[in-house]
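Chain nomenclature is as follows: A, B, C, D and E, assigned in order of appearance, with residue numbering initiated at 1 for each chain independently.
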Amino acid sequence: MLLGRVAGTVVASRKEPLMEGWKLLLVRQIDTDNRDVGGYVVAVDAVGAGVGEVVLFATGSSARQTEVTRDRPCDAVIMAIVDTWEVGGREMYRK
Amino acid sequence: MLLGRVAGTVVASRKEPLMEGWKLLLVRQIDTDNRDVGGYVVAVDAVGAGVGEVVLFATGSSARQTEVTRDRPCDAVIMAIVDTWEVGGREMYRK
Amino acid sequence: MLLGRVAGTVVASRKEPLMEGWKLLLVRQIDTDNRDVGGYVVAVDAVGAGVGEVVLFATGSSARQTEVTRDRPCDAVIMAIVDTWEVGGREMYRK
Amino acid sequence: MLLGRVAGTVVASRKEPLMEGWKLLLVRQIDTDNRDVGGYVVAVDAVGAGVGEVVLFATGSSARQTEVTRDRPCDAVIMAIVDTWEVGGREMYRK
Amino acid sequence: MLLGRVAGTVVASRKEPLMEGWKLLLVRQIDTDNRDVGGYVVAVDAVGAGVGEVVLFATGSSARQTEVTRDRPCDAVIMAIVDTWEVGGREMYRK
């Protein structure tokens, strides 16, 4: 999994029927210092995340192992909202 | 999933039988500012996308979770045509 | 899927039994202008491709969705020989 | 699999129910000279690793093949604590 | 699949039980000119490879399609020892 910050939303009305009901969020990847690292992914929201929140997201087939994404064409899912992380005993982020 | 712009088409007559009936499109990856970022992928079209359209595509095993690609050798699928996206409340693209 | 040019062949006699009967080809990735982009992959040939031909190849679990690769340790397969592709209405390659 | 050093911990209370009970660790990838190479991953701990330890981690669908991660949305797992490795007969690391 | 050179060995005694019995090898990726390209992977040996040998390895879920790795947390496997390869009719390597 990777850390990311929800940057925005994506809307698509003409789509694969199995995508119905998904909330699609733009997630920017961040590093362990809480800085943007350049990449992004469009992920399905499985936990009710909002713009600006720091989240944990999974990619690949593992992204299909949540209730909202199982057996659907999803390769990225937001699976948790991050409370805090620390590196070497030092807190780097707190919600 | 990633955002992309349909750049063109690919034709292949000598192919794996399971590919029969696919429309193959060249998709260039774009960033959240709607700019080309250099990479491309050849994706199966699952939604009737046309050249120039901005789409959402999935890769890997998730690309096999649509009606036209299930259990077939597909590692990239166009699953939606994008209407709009916004970043930080600002609309970055509208169809 | 990606576009590639068959660059050569690989021979391995001591191998996983499930690889028996495979033709292994070296494939260089090309861009949409038909230029080498630096990477390569060793792919199983599922369509009778020859050295110099431009092909379409799939990677990951999707590479196991052909008759010759199903349930075998294959992560890259040549699934089609490309006839032509075009970008923005302009033909970039013809066999 | 890749070699990594456990750098810290991640806490998330609002999450996919299937993540319940996981210990999430920040793992920095290291090279064969035991140096950081820049990337990180948030991995599920399957072996009781601690901060500072050198570990082996798997990514992708293979990360779901342990007892704690099976059929759950996990794309990275710490599967072993490394005792030692050697390159060309020379020991590069010992726990 | 990719070409690699076995560079060394990794030992881990505290590990996922499903890893029992694996021989773990450090493999450096090589290019089609038989030169190191910088990356490495820790792969399970499925064919009895030794340090210094040039091998073919698979990654991702395909790495679990051998007898020693099936249904186990393996994302990289050495599946063949390479005898020779040629590029454009010219032999680039012979064992």
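By our rule, a contact is a pair of C-beta atoms (placed from the backbone, for glycine too) under 8 Å apart; a residue touches a chain by one contact, two chains touch by 3 or more.
Bear in mind that the values here come from a model prediction, so they are computed numbers and not experimental data.
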item	value
Partner chains shared by chain C and chain D (touch criterion as defined above)	E
Set of chains whose contacts include both chain E and chain C	none
When chain B is superposed on chain D by its C-alpha atoms, the rotation angle in degrees, nearest 5	145
Separation of mean Cα positions, chain C and chain A [Å, integer]	32
Averaged-CA centre spacing for the pair chain E and chain D, given as whole angstrom	20
Multi-partner residues of chain C (each touching 2 or more other chains)	60-61, 63
Traversal of the chain ring from chain A via chain D	A, D, E, C, B
Chain D residues touching chain E - in the complex, by the definition given at the top	1-3, 31-32, 46-48, 56, 58-63, 65-67, 77, 79-89, 92
Chain E-touching residues of chain C, taken from the complex the two chains share	7-19, 24, 26, 28, 40-43, 51, 60-61, 63-64, 71-76
